[in-house]
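Both complexes below contain subunit A, partnered by subunit B and then by subunit C.
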Partner chain A sequence: MTTVTETPIAVPVVAHRPWWRGKIVQSGAIVAGMWIAYRGWGGDHPWPNGLVWNQLTFKLDDFQAWLIEKRLTGGGGLVFSIFDGFRIMCDHLVAWFFDALTWLTWLGTAVAGTLLAWRFGGLRAGGWALGAFAAFAVTGLWLESTETLALMLTAVGLSLVIGVPLGIAAGRSRRFGRWLTPFLDAAQIVPAFAYLMPVVLFFSIGYAAAVVATMIYAIPPCIRITALGIRRVPVNTVEAAASMGATRRQMLGKVQLPLSRRMLLLGLNQTILFALSMVVIAGLIGGGGLGAVVNSGLFSNPALAILAGAVIVVMAMALDRITESVAERTDPARRHLDAPAKRRLRLQSLGVAGVITATVVVAKLLGVSGDFPDYSGVRQRAVTAQEWLLGQIQTVLDYVQDPTSFVFQITEPVGNFILTELLLPLQGFLVEAPWFTTLGGLTLLALVVSGLRPAVTTLLMLGLIGFLGVWALAMDTLSQVLVATLIAVLIGIGLGVWAAESRTVSRALRPVNDVLQTLPQLVYIIPFIYLMPVSIVPGIVAGVLYAFPVVSRLVERGIKDVAPDAVEAAGAFGATRRQVLVKVKVPLAGDAIMLGVNQGIIMVLAVVVIGGLVGSGGLGYEVAQGLVRGQFGQGVIASVAILALGITLDRVTQGSRSKRKESME
Partner chain B sequence: MTDRRKRRKLGLVGAAVVAAAVLVVAVPTAGGARQASCGDVVLNENSWVGSTADTYVLKYVLEKKVGCKVKVTNITEGQPGFQAMADGKIDVVMEDWQNLPSFPQYTKAKKVVNFGSLGITGVIGWYIPRYLLKQYPQFKTWKGLKGKESVFKSPESGSQGMFLGGDPSYVQKDRALIAGLGLNLKHVVAGAEPAQVARWTQLYKQRKPVLFYWYDPQYLNATYDLVRIQLPKRFKGCQDDEKKGGDPKKYACEYPSYPLDKVVSGKFATSGSPAVKVVKRFKWTSADQNFVANLIAGKKMSKDKAAAVWVKQHAKQVNAWVK
Partner chain C sequence: MSAPAATSTTAASRERDGEPLIRATGVWKIFGPKAATIIGTPDAELPRTELRAKTGCVAAVRDVSFEVWPGEVFVVMGLSGSGKSTLVRTLIRLIEPTAGTISIAGDEVTGASPAALRDLRRHKVSMVFQHFGLLAHRRVLDNVAFGLEIQGVGKAERHARAREILGLVGLEDVESSFPDQLSGGMQQRVGVARAFAGDPVVMLYDEPFSALDPLIRRDMQDEVIRLQAETGKTMVFITHDLPEALRLGDRIAIMRDGAIVQIGTPEDLVGSPADEYVENFTRDVPRSHVLTLRWIMREPEPGEPVDGPRLDVGTTVRNAVPVIAESSRPVCATSGDEVVGIVDRDAVLRAIAGEGG
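Right after this comes the complex of A and B.
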């Protein structure tokens, strides 16, 4: 829907208006009208059956059957051959990577990884690498971790190969960028569960399918951020280069790419984090590794699932920090090497190569295995580190699962309160209000807040939802998305403002964000259900925890980017720090906050299926069921409805920002 | 000048080290020989614990008694699992609950072959904790629920009673059943199985009333004392696929029982591997499965160890499979 921007925000010119034309008053009036209609005719007017296209489900199911038939009989021809080629390449790439890591032996892999990170990224990077390998070993999940590592490196690499050129193209051509945006939106909002099935039919099961599913989710941020980086190269620099006769290629290679270096790296980091957040879903279709451990652990050994989830987080953070350090160290703008420094580096490289080779040779001679040894086989009674860790996690889980515990006495009433006072009334309102007032009301809201075109889109999207026959389910999901977004935005704005004012908070938030973005949601939400055993609430919590870090990051950036002269001017007038914040910075960062709200909605929608798996029902459950029961039509329809909801919410909340957004694109 | 010479020397040493490494590594891999009577077999473990038990016992038997090299995958059931079998990526799925509409397509194309019963009959139904029967003995059958639905009320069901639905991947028709039987119950979706278990065990531990979709064999049935409510007997033309819609009265009968089948890929079935006949003969009971499942999920024993414990206790039965 929107791109993350850092552009300093222009001071808005506030036109004078009579109070009754204010957006807030008008929106309030619309909602009040909808409420009155709900009180009057609640439950009397569900979406009429005459306006539903019932046949679609069957048509989609037929399509799937046809696809399976083609696949089974080998009658797919060229299309399948192309996919097969890609599949075989991917399978081999990952398998080769994994084999190489195993072949090096665990010792060789750890030494090579650590030393390489140290050589190119410095001490901190080396430390992160060492820490990550230690985590793989201590948890007893060495092989699983290296398998996931091989899978993720391949997926990230291929994502960059596709994403960066597309991003550059989108950055240089506004038209191409606009053309691409809807696809990126769809890739980010449509739940992965919905496209797993087609992915499986085209790419079978295994590494290739896992890589493709991961790429679909990880490429969009890569394209978006790259495009943004290219676009934000100062116009005068580009013009200066052009006036000196630079060709298009020279312009790209010597001006645009080097100057957008930092953004490109941000793109790399985000690609890594997005990819790592797909490990568990990839595990469902043959990704293996840690994802498989989490999936089977959820049912048989939750402590193990949590442990594997933690390893995924460690891997994500290490990859993120290492790439960041490497990028900083190799930044040509900061790097001025003299002759002795160059020599030192060369010696370092040689030393690193030597030590790695020597280690591998010795390890091979000693017969060190590819897997980190599990001593429990040797000493039956010895408690391995993994068992100890699992024991600790289990203790916490046992406490959480005990309904007589002190915590439960607090969490249960809180959960019940949120459900009965907040969620159920809103759900009743949206699901039972006459369909035409909801449709009309939301369209009017879009008109008031964002203008005519967004209103038309809203009308079409809501109409589509009804037409697909999932109106009630979608309204159910909408009520949950609204509540989750509201909470996420409140938390996000609070933390974002605080982080913008305090460096300590900003630093402390970063690992929290990383954890929440990459820790598989089911891993922490299922224990959470024991604390708040009511439907919907755990799903809301999953949405809030996934969305608020993004909101807070955008708000923080927005406030930090408020033009310094405005802040200085206020200071010159004798404003206190608090006044500066409340009266200058926050109002001027209004657009960034709106963007935060908007992104928050997208993130909440991205976990709707997870919500469905922990008791939220609605569209999320339909999508999940569509996959596992082979109900293709059901899954696709629910996914399209989620996408339509996402577009609707985006249009209603995008406000006047759209105008400025267009000027940036 | 000396600098350059030094560098060249270092380079030579480096090259020598690399060459030595390659030699050292290449030699042992060339001489490796494996007992290759059975070859690789890929088993797929489904997400419920019963399936884990089946899979790991078979894995133990194939590895220790037949000499196969077994790999266990965790492909999700349903479409992905069957497509994987069709593509020859998975050889064996031990416990199929027959809930995939496109199953016939796969068997017709001979990509998936049914290898017969696992020896276990799956039962699906409405369950309550046994302690409820003390106060409400009439809950033995569904008729006893009529008028007493509010016993099961919860914050999310208002004045109605709450019925906790099952995992999205399982066969269900509870909404239609509730409507067809005219019960004042609200069907509440609890999500995936671990989420549903969290919901009802929490109520069970507090000795509160709870009514939910559940099944057997399931290892938790050993820990929690549950009773299956008697639903109306099956009649001719009774429907089970809720998605087909229509009059809910047509659904108002108990779930059928499901003889659980072993299914294998067509490739494996015709491979002639000694593992084939072992899979074909593999048969055990719900009690066996629950015993192993409880070791794994209840006692947190490692999956391989739990399988070994059972196999050692049932040497005779296992020998009949492999002979």
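Right after this comes the complex of A and C.
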């Protein structure tokens, strides 16, 4: 519509306030009050037992026992049959994909994967595929990689089956899209670690649980991007088709899908990456494959865990680059094929199919097996470099853990500084301060920073945490999150501002950011377990690494997006570069920076709780124990508390932003 | 000049065959919550900004009625935000009108079932869009054939028809190109060809040339005039460009804030604007290019000889100038064989100078 809907843009005017009403001053006063209370009554007032629902753990354990009994006896009716049916289907699908990939033999799989990537994604994509298969082979983790691939195929496939239709519906119907959005938003703030326990409850440990956990994580981005793709199809084109009398189905098949194809494939790309980043965590609940190797190796064989982590990284990067180039190259709106080009492509397809078939047939005839170091053959171990790689990794591990080494001289003090100067004081403060001043103080902070509704949410959520009996644990986790977020935001803003000002830095940072964002969450932690062997620190460092690229990217974009005329105008008044940055760009990019804090804090939380696996304490540790030891009730309670914490942190950091948005409408 | 009398003679006395092809009566479009309840209440009369402040609704089209006759080029013109694009979309319910009735070629549009509406869009009406709305993933040929494809016409047949139309608009050479390989003007030619391919009765143009460079725009206007002359299609043409409206339009409707201020022929608008708004619009139009002798002639005085050169009463002043310059006698304006008035040099000079009216 070219009509009338232009709304006057309200300028966000900041009303003049007396100094004592400034946000910073008020927040400072609140924290000071909490501090005084901590000094006065520190440790005297833990969360009172009377306000805890002690029975809950047992009730939950009973519930689980009841569920297991129902499952074993086959009773329980329709709901159980559905869950069980789904579980069995997932198990079968994973097993089927695994069998199919091994049936093709390692040679056939590698050739098929490489050629298909080349055919649809071009030479570079083919190269990435070949490299990934080489990595699976060289590390001697072929079978594990195949299992992970089978898990991925199942999880991604099912995610697409659910996500794409929902995304299309959300893209076509504005009402449905609006209805779906809060769910998608909510899914984004739930740390993956928090829903492992409930998933295990309904699907028990195994492939199915791993698939479901992965799907929960991967479906929301799939829906989001699909809907976005459909909505991005030019309005005029849709209108034109409608004006010619296209049916809804013709509109979808002939206009909307082809024109959004690139976005849809990028949605596939994101779905795969999200799914892969769950693989390691899914290894905890029976996903098998590389994830299982990482998890079992964490303590018993660190070099192997690192090696498997590296293979996952290679797999993630390869799948990312391949799907991305397929999306770019097959976009029908940009690639204009004439008749000879079409014929050439058809010939290529035929050739690829022929070569794959021939390879498989030959491999079958030669008796090549599905695993790469082919033990039926004569030259067994010579072909993998696993031993050698493990040796190298171990050497590095020994070096960084040697107190006399150079690296240790850096990592040790850094780790200790974070621990003694930041973490322990904050942890002590949050855990030991009287519960009521902490609860009240945090609520007031939410009120000052974000407004009434976030404050009410904070009060309710923190109250819930206390009621569940995990107040001290949650405060422990909160302290870790705050420290990690602080570091991540400082690094992120610093790098973001720098990158916005300097092209060189921007260009240098981009690949680093890309790699860091492609990595699965747990993979971040692994190196730091050995690099900074101070219980809590690895989780925090990993959280920082996971979150700062996003913060820096948002800040960079925010600053670059600042209206060029404002910058030009400031320059015309003779402002120095520094003045332009400090007085124009940064203030105008304030919203982007706030968004960075919001995203960063949620990402940090997701990683920090995973740190529980490696002994960083807090709520994550409870979940890990619940998973490893089968302490169900305890795990579920901690999961709920993590969720409550996530909601609180999200609302508090988001509040001021949405408030401003409302006033601008 | 005797303007009011002239209005009735020019607009109403034109000969028309049968029924109007498009008839819109009392059409409203209000965007916003509970839009339908506003119509008929005093709120509906409020100016836009007040309505918006009070109800949160925006009245894009307010109580619009008009008729378009077969073979006519009906131009709707107004500034951006006047509701003209919304109006043209309500005609085939790309935007659902809030109230009012619309009929095209005898079919009721408002209230038509989805199937009937589709049928109408497929066979009777087609539309050309401002930003072309071409399918980026299809060749020009398949873009032009798209409407037929939707109707289920076979490939060979629809390609043959599309080639024929491409020949008509001079695009034979680019049938295998993709839209983004063509210039804006060429793309819009494809858009026009696509609209023609279904052989519609009515063609709707929504600011089709606003996105084009002025020279190309002129070419395209010529093209539309040519096609219209060759095919005799009825057209509804939306524009914000007054010269374009005057060039193309048999009749022009001027819209402001969602309502039609005046409907009339170009000379009606220039000669007797309904209000100050229209007058401001048309102030800079060279009057001699638009006004005809009808507007400047006077009654023959009793006994005055009518022996000067004869010109049809519909001749524009500009075109009458050479004749009058040559002749020493005042020109006689004729309708058929009958002399209806006298035009002397004085009147012509005054019209060129922009006086009177």
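Following the convention adopted for this analysis, the second predicted complex is superposed on the first by the 472 of 665 C-alpha atoms of A that agree within 3 Å, B and C clash if a C-alpha of one lies under 4 Å from a C-alpha of the other, contacts with A are read in each partner's own complex, and residues count from 1 in each chain.
What we mean here is this: a contact is a pair of C-beta atoms (placed from the backbone, for glycine too) under 8 Å apart; a residue touches a chain by one contact, two chains touch by 3 or more.
All figures in this text were calculated on a predicted structure; none of them were measured in a lab.
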- Should A:R174 be classified as contacting the first partner (subunit B), the second (subunit C), both, or neither? neither
- In the overlay, answer first, second, both or neither for which of subunit B and subunit C A:K23 touches. neither
- Task: In the overlay, answer first, second, both or neither for which of subunit B and subunit C A:L201 touches.
- Result: first
- Per-residue touch tally on subunit A - higher for subunit B or for subunit C: B
- Please indicate which partner A:R510 is in contact with in the superposed arrangement: first for subunit B, second for subunit C, both, or neither. neither
- Message: Between subunit B and subunit C, whom does A:L390 touch in the aligned arrangement: first, second, both, or neither?
- Response: first
- Thinking of the overlay built on chain A, is A:R329 touched by subunit B (first), by subunit C (second), by both, or by neither? neither
- Message: I'd like to know which partner A:I536 touches here: subunit B for first, subunit C for second, both or neither.
- Response: first
- Message: Once chain A of both complexes is superposed, is A:A353 in touch with subunit B (first), subunit C (second), both, or neither?
- Response: first
- Note on the structure: Overlap of the subunit B and subunit C interfaces on subunit A comprises residues none
- Query: Which residues of subunit C touch subunit A in the complex?
  - Reply: 31, 48, 58-60, 80-83, 85-86, 89, 92, 94-95, 117-123, 125-127, 129-137, 146-147, 149-151, 176-178, 180-181, 191, 194, 198, 204, 207, 258
- Touching residues on subunit B, where the partner in the complex is subunit A: 7, 10, 14, 17-18, 20-21, 24-25, 28, 45, 47-49, 52, 73-80, 82-84, 86-87, 89-90, 99-102, 105-106, 109, 111, 154-156, 168-169, 188-195, 198-199, 201-203, 205-206, 243, 296-297, 300, 303
- Query: Can you list the residues on subunit A that touch subunit B in the complex?
  - Reply: 61, 64-65, 68-69, 71-73, 103, 196-197, 200-201, 204-206, 283-286, 288, 292, 295-296, 298-303, 346, 350, 353-354, 357-358, 360-361, 364-365, 390, 394, 401-404, 416, 419-420, 424, 522, 525-527, 529-530, 533-536, 538, 612-617, 621, 624-625, 627-632, 634
- Complex contact set, residues of subunit A against subunit C: 1-6, 234, 236-247, 250, 254-255, 258-259, 332-334, 336, 338
